[in-house]
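By written order: A, B, C and D. Residues from 1 in each chain.
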Amino acid sequence: MPTFSEISEALADQSIELPSWAFGNSGTRFKVFGSAGAPRDPYEKLADAAKVHELTGLAPSVALHIPWDLVDDFDKLGTHAANLGVRLGTVNTNTFQDDDYKFGSLTHVDERVRAKAIAHMHQCIDIMDVIGSRDLKIWLPDGTNYPGQGDLRDRQDRLADSLRQVYDRLSEHQRLVLEYKFFEPAFYATDVPDWGTSYAHSVALGERAFVCLDTGHHAPGTNIEFIVAQLLRLGRLGSFDFNSRFYADDDLIVGAADPFQLFRIMFEVIRGGGYGPDSEVAFMLDQCHNVEEKIPGQIRSVLNVQEMTTRALLVDRAALTEAEKLGDVLGAHEIFMDAFYTDVRSDLADWRVSRGLPAEPMQAYRESGYADHINSTRTGGIQAGWGA
Amino acid sequence: MPTFSEISEALADQSIELPSWAFGNSGTRFKVFGSAGAPRDPYEKLADAAKVHELTGLAPSVALHIPWDLVDDFDKLGTHAANLGVRLGTVNTNTFQDDDYKFGSLTHVDERVRAKAIAHMHQCIDIMDVIGSRDLKIWLPDGTNYPGQGDLRDRQDRLADSLRQVYDRLSEHQRLVLEYKFFEPAFYATDVPDWGTSYAHSVALGERAFVCLDTGHHAPGTNIEFIVAQLLRLGRLGSFDFNSRFYADDDLIVGAADPFQLFRIMFEVIRGGGYGPDSEVAFMLDQCHNVEEKIPGQIRSVLNVQEMTTRALLVDRAALTEAEKLGDVLGAHEIFMDAFYTDVRSDLADWRVSRGLPAEPMQAYRESGYADHINSTRTGGIQAGWGA
Amino acid sequence: MPTFSEISEALADQSIELPSWAFGNSGTRFKVFGSAGAPRDPYEKLADAAKVHELTGLAPSVALHIPWDLVDDFDKLGTHAANLGVRLGTVNTNTFQDDDYKFGSLTHVDERVRAKAIAHMHQCIDIMDVIGSRDLKIWLPDGTNYPGQGDLRDRQDRLADSLRQVYDRLSEHQRLVLEYKFFEPAFYATDVPDWGTSYAHSVALGERAFVCLDTGHHAPGTNIEFIVAQLLRLGRLGSFDFNSRFYADDDLIVGAADPFQLFRIMFEVIRGGGYGPDSEVAFMLDQCHNVEEKIPGQIRSVLNVQEMTTRALLVDRAALTEAEKLGDVLGAHEIFMDAFYTDVRSDLADWRVSRGLPAEPMQAYRESGYADHINSTRTGGIQAGWGA
Amino acid sequence: MPTFSEISEALADQSIELPSWAFGNSGTRFKVFGSAGAPRDPYEKLADAAKVHELTGLAPSVALHIPWDLVDDFDKLGTHAANLGVRLGTVNTNTFQDDDYKFGSLTHVDERVRAKAIAHMHQCIDIMDVIGSRDLKIWLPDGTNYPGQGDLRDRQDRLADSLRQVYDRLSEHQRLVLEYKFFEPAFYATDVPDWGTSYAHSVALGERAFVCLDTGHHAPGTNIEFIVAQLLRLGRLGSFDFNSRFYADDDLIVGAADPFQLFRIMFEVIRGGGYGPDSEVAFMLDQCHNVEEKIPGQIRSVLNVQEMTTRALLVDRAALTEAEKLGDVLGAHEIFMDAFYTDVRSDLADWRVSRGLPAEPMQAYRESGYADHINSTRTGGIQAGWGA
């Protein structure tokens, strides 16, 4: 097994994009609990995100969600970010909160609604042009709740046509990333339910269309690391939405539900060339901090990714290959587990200190006074949430 | 196989309680779509429910949800219902929308919050006393999102103590019905996740405590009709919350996702003595009409239950028993399917006409002008939803 | 809704291939129960299959499994089939019962084993040439049981190379059909686990490579009819392996577990152009009759497919399209369910009689004396099963 | 967090029973791969099990499976075990491999078959009397494959009656442990499918009837540690069958698929009083080493349980309780994860050495020459498997 110092240089390559919406309120259909200090606008969201990056060195960019993060002047927002030490990243579309999208957006049977959704995405690309984003990420709520409600096949054809109209608007240095999801909010048929669908549309669109893999968007039991390996092999893994789940799309902190799964995913990312300076795979969080504090929730999340990346880098791949050749199942498994079971936390603390970061970011946050600060100053106004 | 006329008398025994909240707006965490004509208060909800009963003869009672259906004068509400031809039924507690319940209600580690939840349930019993309800139905959002967050064992002990305090307040003719749910809104551990837990608490409480089986609250693949048969055998099946699902707790129209499953459930209800004048099992809908019209959605639902009950009554049980004794697997299965595949719709239409009901309730509703009426008169005010 | 007579002509287009191995013994890892009258060789299997076709008119061809159905003289076997009124169809490869395949076949890390597996498939193609088969169907047991055991990525690369070597051996009128499976016999990672993988390999191979969809090979909750629609749209649906399941790959009689799902699948097949004289989609059973009688089990199966095809043909598609345009969710669902709930059995009985077939094939089989005949004459020898 | 030395004494309390059948061959319905050196009789199985105990100090007893482990003289077998340094433990019944049990055993509709199954269990109790076993463990294959095939309710009644007849034969110091399983080999309805069913029967039987929890026998997503906590609370957790799974009942090495889950389970065991000298909970492996070596597979398994038990003992429970009271979700989770992420392997190696055991049992086995010994001496005869 390599030593920590042998792999520590590779750790500097890691960056995990934060979602602006993780700092606002979120919840379930039953209840959204408010939280003291929640940001009231995109500027405050960026401040919170910058705090995460300041303490971890892992999160230099922030994804936006349109229209939640619409501002009058995106140049000003970009400058604000830069002043805070972060940059604006992926732009996420939203076609699920307007009454017009009750029966779909890019797949809608009504041309008026479909054109509206496409226009929304064009608007997002315009914003990307201003802020210098590379990726347009499309997740669609489109689907049907009852058998017979919609024509599954026609919906795919309209989807292909809509995506084409969006894709063609992109500049050469921009990418379209199509996210799939097993179910929710549609409960019978979802129009982009699996990686195969996302992949087939990406290939049809062109070289700058990719698949977004949200770790919470699969059927029970799905081997996610296999999909990672396959998409890297096919050259179509565009980005990750990290989170974790026990049941459906729980949107829990990444690595909280199944740390070993996160380790396996990061191992396939690394083995498949998806990690490092030459990779164009984007790593992002997409979580809901319903009952836990949001800023430390994000800190915990990027640390979890870092810790599992570290362990995955420690795997003795040469030994693994040798064991496979020998048919030594237990030996191979043991080599793999040896890395997973290695406690890298104190090495990582040292590594942080060597880079001018706090040894223990969670503790540093608690001691920073930032929570008290925002709790006392962010009074009045409307807290940001999924509606704004 | 019995003929329709041989079983038609038994159809008169059927009544399915409607949930008042089905007529208000509902949705997913992503969006609640409003709908024209949605009721603004419990009085209007009852009017809508009464329309369903008027057209189907199947839904003589309406369940209330407190505090959503709180009114100043429950006597008056009861009279209103009676005037509409229906009655008030089960009272449902709600401990998931107050900020205090962020970490639980009957299981909460803080005695103040737990006492508040118990007091809420006592208030519900007071309402039951006024309106003459038999059943207090308790569904709890209680649970935890992260391993380590709560002490699973202590939460059970507090739950037992809380339920005891609620149960002891009931009159002799009242019942406590404890609903279980696989997950949501809690995503790691739910405090009443399965029928075993509901059953164990019911037995500990006493003879008037029962289990509520919501057809959408199980792990993937669970054989629900087995649970029905088992709970009837153990004498603890209190009530049903009918709906259907493809994935999680989708809350779709009962019978829409898997009509054969509904048939199997009704068959076990009948075989186990849960159907008919001597049974105390309550049948209720608990659904969300997110994208479809609400009143016809309820009509469709009670008709689905009636149709599958009819088919289940048609099963030739003597022949089935004989086939089982012979080890004739295909023969038994064929006897069973024969009833399921029998199209009972026109017989049911005739049966309705013979009882002064419209032959086709869905069509009768469309032709009734009721939708136009409420759409044009229910203007202004705040539409009812999960928040009110 | 169309009338039965309007759609009955289309029923003549239906043919469902029977698997030779359905007539032999099968079971679970716990036990294989023997059954009286089980065939001892491929000739007797064909006789049983021919009986199913004789009584239903639905099953004119029989799939072979190599080496289970290896005979000295395939010409003779083909003549035997023709004399019985059936023909030989798809050839299925088997790389799961030789000790060499413990760690894989087409994906094996050892070139010797991989070459052996490829040679086996070449042998199958040679047999296809003799008997005039169109389709080589490949289902692989390949996968790993423990994280770390194998290199997921390399296994895909070897798979691609192996498939290329197989594909290139095919004649121009032959096809390669690659079946995917969620899990079993591998329990950690399966090398062809989903339709996306099968599709990606098919596209890479060429125009005569297709996906085989086994209805029991998906994760819990997967919307199978969506995959059907998608693969037809992409032009890569090669064939079906029909069966049904409640849990894993139960291999129960198609339509037994969820008849409504079979209806939805057949509806998408028809809507997508996969049904009828111009379609090249192959329909086949792949089931295990562990506890029920095998020949009537196959009769029941083809009848189930026919019944659900009939109902699916009855759907009023124009009305459905109209309802979708209006956003009439309940209306569309009702149009769809109307066809599903229509009892087509007596119409089908008449249709059979009009074509010289028995009205009730299950009853006709019971009365035919065939079971007694094979039970009394097939004595001695070794019953066919998965091992031979 | 406690130090290792503070909890190391508690480690001495751990013992994990080995299943005799883990040393024989096993597989899937597709193939059972043979392995060199596999034992040919119960005496050789005990020798293999004793080797595991010799190297780990964790496995002092061996469970038997009747009739697989039937011998003429159980006294002699017990003496053989004692000479090897182990003892005979739980007796497992087998009612799934006789043709008579095709449609069930303790639930069978035919009184003759049911009596035969009961008699088999009485025979097992007789063996328990001879060898001094405490636990009779009953896992049943009973169930049905097709809706309609069996009367679910009657099957429960017969099950209750059968269990009563078995239970009444036990001595006062003996226990009946009833195992539940989600599915397989039955694919529609299993007669003991969940803990609720096992629990209800246990309570009905009496104080010496308990539930056996096999970690692989649950629906997807089931929170197993909740069931552990609940059964301990109800006083009915009799024993564990340890293994792990990604999909169905994969029977992989415990802790291999989800080590964090094993940690959570052991934590609830400890928190609920199920661990230590005063507990009567039995811990046992029940696994299939289909592709990996069997003896080191068992060594790896008991080490996994030990490692996760160690981590679970390290949880700072007082701090956890405090964090819960404060509603500090992230704090509580972090306390919990801190123990899980602690690498206890070198401490455990030291602990082993201090007790005269090899520091690294896996390595010690490889260096012991035992594999070569059995491979070369166990030639001829029939290898043990599930059939013998």
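Here is the rule we use: a residue touches a chain if its C-beta (ideal position, glycine included) is under 8 Å from a C-beta of that chain, and two chains touch if they have at least 3 such contacts.
Computed from a predicted model, the values in this text were never measured in an experiment.
*Asks:* Which chains are in contact with both subunit A and subunit B?
*Replies:* Chains touching both subunit A and subunit B: C, D.
*Asks:* Would the interface of subunit B with subunit D count as same or different, where same needs over half of all numbers used to appear in both copies?
*Replies:* same
*Asks:* C-D versus A-C: which has more C-beta pairs touching?
*Replies:* When C-D is set beside A-C, the one with more contacts is A-C.
*Asks:* Cα centroid separation between subunit A and subunit C, in whole Å?
*Replies:* Here the centre of subunit C sits 39 Å away from the centre of subunit A.
*Asks:* Which whole number of Å gives the spacing of the CA centres of subunit C and subunit D?
*Replies:* Centre separation, subunit C to subunit D: 38 Å.
*Asks:* Counting only residues that touch at least 2 other chains, which ones in subunit B make the list?
*Replies:* 102-103, 145-147, 182-183, 188, 220-221, 223, 246-247, 253, 256, 260, 291-292, 329-330, 333-334, 337
*Asks:* Note which residues of subunit A are touching subunit C in the complex, please.
*Replies:* 102-103, 109-110, 145-153, 156-157, 182-183, 188-190, 193-197, 199-200, 218-223, 225-227, 229-230, 232-234, 260, 264, 268, 271-272, 315, 320-321, 323-325, 327, 329-330, 332-337
*Asks:* Contact residues on subunit D for subunit C in the complex?
*Replies:* Against subunit C, subunit D makes touches at 26-31, 33-34, 96-97, 99, 101-103, 141, 145-147, 182-185, 187-188, 220, 245-248, 250, 252-253, 256-257, 290-292, 386.
*Asks:* Which residues of subunit A touch subunit D in their complex?
*Replies:* 220-221, 223, 246-247, 256, 258-261, 291-293, 296-297, 300, 307, 329-330, 333-334, 337, 340-343, 345, 362
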